[in-house]
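The structure's right below; bear with me while I get my questions together.
Order of writing sets the chain letters: A, B, C, D and E. Residues in each chain are counted from 1.
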Amino acid sequence: MVDYAILLIALPLFAAFLIPLVAMVNKNWPKYIPILVTAFNSVLSINLLLYLNAHNGTPFIVKIGGFIPPFGINLFIGYLAIILLMLISFVGLMISLYTINTVKDAESRYYMLFILLLMGVTGLVITGDLFNMFVFLEITSISAYSLTAYKRDGLSLEASMKYILIGSLASVFVLIGIGVIYYSTHTLNIADISNHINTVPKYIKMFSLSMLLIGLAIEAELFPVNGWVPDVYQASPTPVTTIFSSIVVKATIYVFFRVLFTVFRADLTVMNFVMGLGVITLLIGEISALKQVNIKRMLAYSSIGQVGLIVIAISSYSSMGVAGGIYQMINHAIFKGILFLGTAYMITSVSGTGKISDLKGIAQKMPISSFIVSFSIIALLGVPPLTGFWAKMMILSSVMSSGHQIIVALILFATVVEAVYYLKFIAVIYDSSEITNSFKSTIKFNKIVPIVLFALTIILFSVVPQFLVKFQDVLLKAANELTNVSSYISIVLGS
Amino acid sequence: MSTDSMYRLLVTIAVILGSIIYGFFINSLARRITARVQNRMGPPLKQPFIDVIKLYSKRTFVTHGIMQTLGPILMLTGIISTLILIPYGKGYLTLYSSNGDLITILYIMTFGQLAMALAVGQAGNPYGTIGVARGLTRMFGYELPLILALISLIALNHSADVNVIIANQHGGIANWNAFRHPFVGITALLAMLGMMSYQPFDNASAPAEVASGPITEFGGKFMAIMMTTNAMFVVAKLALLVDLFFGGASNIFILALKIFLLYLYPLFVGLVFPRFAMEDTFLFFWKWPTLIGFIGLAIAIF
Amino acid sequence: MSWVETVYNYSYFVGAFGLIMIGLYAVMVKTNLIKILIGINLIDVGVNIFLVSLGYIKGKGAPIFSNASVTPANSIDPIPQALVLTAIVIGVAVTALSLSVIIKLYQHYKTLDISKIREMRW
Amino acid sequence: MDDLKRPTLDSDFTCDMAFNKITKWAQKNSLWLLAYGTGCGAIELSPTMTSRYDWSRLGIRGSATPRQADLLLITGYLSTKTLKRVIRSYEQMQDPKYVIGFGSCTINGGMYYDSYNTIKQLDLYIPVDVYINGCMPRPEAVLSGLAYLKDKIGDKKADGWIKYKQNFEWYRENQKKILKSFNGDNMPDKYNW
Amino acid sequence: MNVLRTIALILSLGFLSSILFYKIRELRNLSIIASLSVALGFVIKFFGIYTGIKRAFSYKDLFYFKFDAFSNFFVVLILGVGLLAILASWNYMKEKKGETFFYVFFMLTILGMVGLVYSRDMLSFFIGWEVMTMGSFLVILQSNEKDRFKFALRYFIISLIGAYSLLWSMFIIYNKVHSFKFSAFNSSVFTKGELTTLLITISIGFLIKAAIMPFHTWASGAYSRSPLTFTAFFSGAMSKMGIYGLFIFLYGSIGLSAIYKTGYNEFFQTSYFQYTLVWLGVITAFLGTLRAILSEDIRVMLAYSSVGQLGYMLIGIGLGSTLGLTATLFHVVTHGLFKTSLFIVVAAIIHRTGKTKFHELGGLINNMPIAFIATLISIITLAGIPPLGGFATKWLLYEAMIEKRMFFATAITMLASIGAFLYAYRLIQNLFLGQRKLEHDDVKPAPLTMQIAMLIPALGMVFLGFFPNLLIKYTNLFIELINIDFFKLGVKVTDTAFTNSYGYWNAFYLGSAVVIIFIVSTIYYNLQRRAKIYKIGQLDIYTAGEYVTRETPLNYSFNFYGFIFDSLKPAIKYSVTNFITRISKEFIALSDFVRRIYTGNGQHYAIFTMIFTIITLIYFLS
């Protein structure tokens, strides 16, 4: 059996609490532990992928402590879980590489929180138990609060305070939801709940669904409740922002839909409500990004927009739509990775205050990184040969087939708005007038390597069609895992 | 060359020379009439011929470049090719009008004007260029009513062939186009004022303002060619208008008479009206004549 | 009479939701950060009481199997209590963290009024 | 004044008789005069061209530009300043060109004989074919002068333009004497073209 | 051997060489020119031949490509104009900044367009379309004009809107027909409402690309701010993609029958949709020409003239009759020829003098004689004056319109073509004739490659003027593939005479007549032997006796048609462009309002969450 999968969570936990000891031995060793942990996790997830292929793609579960499923906590690992795991560990590896000398006076506490955050997110993705999901959610939130406040200047404290205020409300809602479910189905295992969910009276089911929906919506950055997102993205240190936008959001959206699809067997009324939320998030996110002056805040709003798009895709409830949503998740993680890391590298070299106008004409001095940033922007906009286009095509065709023609028009309109502010950004970078403030060209390899690797993945995904088609049916299988409740139950409870 | 095409060639040459002479004759008649209106004798009838011979006998010719020498030649070519496309009567007198319909004629007329404009440009005299610009603006003005009139003719006769239009007007004066379709006739007559570049609309070569306009730099032989082509062009345009609106002519003499009578109309209008300013010329053609033209076209279609 | 009966039966739930409502009032209306934090704690306590009272069955004792007289039949459901334990721990952690943030905020902004602390907006 | 060469029959002038006769007749009967009133006599030109005297009977017509003109009228006194324009216009006219001087001022300065800024003797600067006397000749006198010029053209005596071309240096030197800043006003030394 | 595969291989080799050899200019340029000319030769060799060669190519039943006369007509145009443009930009881009990128993006655009034209399914059509737009956007970006970003951005955004309206219509079709293939489309499956939305979105998408009146705002900026040799390609070949798209979607896959079947009540058997297309074309032709007459910058004038000329092509398509389509195709070729040569001439002038305004230039005829000849032939074709090819298009178009009894439209189009004569004359007068400025005395003639690139289209135009029936042969090949059976070919073409029910015109005869008469008049001109001809300098002109120097401004070129501007001033201020700028300002204000929702106050966010909970509870519990 594949019990070593639990190491995915255990090892980061162990490493996190090892760091203070290592710091006592040698001050600058902790820098390399996150790299080791994320590398180990990615190797492990690739191993799990091979194991899964060997068993022709049927997901498997890992019983913790030998308890048979309805009683103990079990991990559910399928294609979808592995895709997210690889995403987390690969992007985590890149970011930890990036942070080696970015956060200057990084005490060991920063690396500990960093690994805790990654562990929390990994747990969220693979757990099969509802309360366990809540605990992992809390671990992620707490480490996120402290990481946001890490710079200890006015802005980061303010952002962290707002995040704590809204985050605790979210945990309250989730807790009430879980309590009500437990009260009505007397079990916490997701598969077991969805088995008995029909017996629950309608009002209680709806109440707990709405409670959980609100709590997870706050974490998944949907419109009315994502007030904290722009401030947190702007104020936290860049590696942390990249983790939020590339990894944490993806995991919370996965949890949001796992709860809706599997736990509550959501029907069309719920899906329409969620799609409405997605559309509003998309529009508000894109339109308000138009007039931003700070780069990170602009990228934050654009991430909100992209989250809206992913939510629309998955809530269109057709297999092509969900597959498109997952594909867009991966794309978005990579593009935002490049954008955040690239722009931060430029800003540090210009030692600017993060305003877009500081980067005027930077392309002359930093041709490689500005080329990669604009390449990723063009890919994000969905220009055909690159990956963004295929993901958008999948999403649009599924939304159109589910009959919402107006929403397709809105998505296209949002893409046009996105094109406006991103191309204005490119125009500033490639402005031919020479740079205003001082520029010290410090070529730091650990900053350029992650961006280059991300760019290679884009090219890999877009240019190699065979890879694309095989990749497409992996996506379809993953989508199936999310939406097909009966197979989930049979796998968990069947064995 | 079959005998028939030989005859046609001879007749064409005869018509070209005839149009030069008749053009000069009309020109001198016009000058005499204007003189008589101004209560003075006016030049002898053969004055245009004398002028041309004198210009030809000039000893020195001044040219600013290849285009200025080439311009008059091309203008002559353009005017003659317009001439041969217009029918002047029956049989051979239809010259080569079987090779181009009304639209072709309308477009080949501009060939001569373009050539002259280029020659003026090469001369480099600002007066010349202003004259050409004014001429082109005036053309842009009067083309609209003219086109409306021609298009309504095409709509009425279901064909753009000038001979067919003439054929449709046989019989008495009653079914000449000018009278059978009054609106079309009026538009054509108003547009004709612009075409003739006579007194009210002679702001292209206004003597006081732009020192004889486009031909400022043209002396001697070029001036001679200008005058001959002008004469031919007047005859060609009038012949076309006679064909389209006044029933064409069975033989050459009736055509000559009709041309002269039609020629008197812009002459008398010219004598009465002072010269228009450029903006008024342009707007004049785009106000009343166009309105009447649209009404005529509407009637023609429905 | 029936709603009095239901209130009696589910008196714990009513109490818990009452606490939550008070906490929410504090968070929504009060502008002082410390008061908001107290509001959040009130909500946490309310939720914990709600969770514990979920497992309570009238007239049954605590499931401590050491003395023989206690059998699974006449004891209440212990799992919500386990959940509450973790929830309380999480609540403590969050409160500690937010207190330290508020202290730092005060040092920086010299005020505790939440409507004043909005340097990052739009 | 003395080294003025007599105008010899220049090669341009000799042409076969038949053709010559017609051109002579044409040049005689169509005189286009440059509409450039240089002095006080220009006022006399309007009555000659309007209804009472009407010189268009004689085939005379005004022309706006020197390129088309054959005849240049110097009507009355000629100030040095106008001389510059007159020289330019005269040289821009095309070749068989004639000049008529009005009144005594062109002959010997007339009543402005001692003024500092008029040309005393027109003949020194541009060749004059016909003089019409009268302190501003009436229209009849003008017409008779024009008729006289036509006869001169008829029997090939109006050869002022050849005299100018053959004695060009002499004329140019006189002009330079009277017009101090010759090249200052960038007047070309050689013949206008 | 599959023709398509070889052409794709050759072109991608050209593209790769533009990337790999970017260091060695000659090798790169030669390899690009070689690849383009080989591909062009290939296409011409197999133009009409359908036997003996594998012509179709499909990949994973997603992308379909086909090689037939229908697309070859446009591919020849693209490759031909592209070849001329690259040949001209050999010297034009020699020492300019960003030259290497220019060739890469240019080849990218050509690749996108050729793929677009050969594709037989909507997905690859759309991919080709986007690659073309992106390529041209990048070319404008890297040119070193001053304010290129503003116009490049406006161009990209508007063409993006066009592309997305196409995408939307593609999805509507895909939804009902479940396949992207063109041939899979049958109009019976759609309701009337859907078919109308389909027609509207498709035509919006293509009209934006063809810069027709309401959507033309990007044209003047994009054409004038990109490197001029690329603009020759831009307006010579790229703007025709809009027209090609209309061909495919209206007459190719969707087919004219669809428009009929929707039961539009007709007015003289032309449906309302066709009327709108024709009248859009007419208005664009007229207003485009008017704007061209009144513009002061050379490139802007040529840009608006392209907008006007595209209006003519739209009229041809709108008519829908075979004669109308022939007129459009004819105009596509002639416009490609004269616009390429005009833009290259202007490129040469700017390359040599650096000036782009009319009143800064003048009198270059002695410096650039060949450029003058090329411009002369181009403006004669532009104005449609008979001896040259331009008249053929005008004649075909008018006959087609008269045949469909659209007389008002014919009148205004004729007026527009007279307007074309106006700005054509101004172009040649202000650039080549008139007084030459002091600093332009030592201007060298245009570089050799540019001269070749100018003269080839000029020869083409002259040839077209005398033998238009050869081009008609190719257009018939094109139109019979669209199989409009119920419209017979309007015009009977016997060797070079065009006759139809309304009029006739014999190209060769007229051309030869003009030549003969030209010879006769030269003889007449040289009759008088004895006069001596003097060639005099530039300053020896009638200036009322004044002595002028080279500094005195003697060129009448600023505000050339001021009269028209003064008289039409009240009507001119309503222009579409400031309407569009106003809209974009309002949108920016909206975005400023929307972002205010994030007030920055933590408590407000908590209140938002509470409102959200109430809403979800009401939604779910009810």
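One rule holds in what follows: contacts are C-beta pairs under 8 Å (C-beta built on N, C-alpha and C of every residue); 3 or more make two chains touch, one makes a residue touch a chain.
Predicted model only: the values in this text are computed from it and were never measured.
The minimum number of touch steps linking subunit B to subunit D comes to 1. Common neighbours of subunit B and subunit E under the contact rule above are D.
Shared contact partners of subunit D and subunit E comprise B.
Summarising the inter-chain layout, the chain whose CA centre lies farthest from the centre of subunit C is D.
The chain with its CA mean position farthest from that of subunit A is D. Of all the chains shown, the one with its CA centroid nearest the global CA centroid is E. If you compare A-E with C-E, the chain pair joined by more contacting C-beta pairs is A-E.
A straight line joining the Cα centres of subunit A and subunit B is 80 Å long. Inter-chain centre distance (subunit C to subunit E, centres taken as mean C-alpha positions): 71 Å. Centroid to centroid, with C-alpha atoms defining each point, subunit A and subunit C lie 29 Å apart.
Annotation: 101 Å between the Cα-based centres of subunit B and subunit C. Along subunit D, residues 12, 65, 67, 193 each make contact with two or more other chains. In subunit A, the residues that touch at least two other chains are 161, 165, 169, 230-231, 288. In subunit E, the residues touching two or more other chains are 530, 534, 536, 540, 542, 544, 595, 598-600, 602-603, 606. Two chains count as a pair here when they touch; such pairs are A-C, A-E, B-D, B-E, C-E, D-E.
By the touch criterion given at the top, residues 60, 123, 126-127, 130-131, 134, 141, 144, 149, 152-153, 156-157, 160-161, 164, 167-168, 171-172, 174-175, 587-588, 590-592, 594-595, 597-600, 602-606, 608-609, 611-613, 616-617, 619-621 of subunit E touch subunit A in their complex. Within the complex, the subunit B residues that touch subunit E are 56-65, 67, 69, 72-74, 76-77, 80-81, 84, 96, 98-104, 106-108, 110-111, 114, 117-118, 121-127, 129-130, 132-134, 136-137, 139-140, 143-144, 147-148, 151-152, 154-155, 158-161, 211, 216-217, 220-221, 225, 278-279, 282-283, 293-294, 297, 300-301.
Subunit E makes touch with subunit B in their complex at residues 363, 365-366, 376, 380, 383-387, 391, 394-395, 398-399, 402, 405, 407-408, 410-411, 414-415, 418-419, 421-422, 425-426, 428-429, 432-435, 497, 501-506, 509-510, 513-514, 517-518, 520-522, 524-525, 527-528, 530-536, 538, 540-542, 544, 554-557, 560-561, 563-564, 566-567. Per the touch definition, subunit E reaches subunit D in the complex via residues 530, 534, 536-537, 540, 542, 544-547, 549.
Taken in their complex, subunit A has these residues touching subunit C: 131, 135, 138, 142, 145-146, 149, 152-155, 157-161, 164-165, 167-169, 171-172, 175-176, 178-179, 182-183, 186, 188, 230-231, 234-235, 288, 297.
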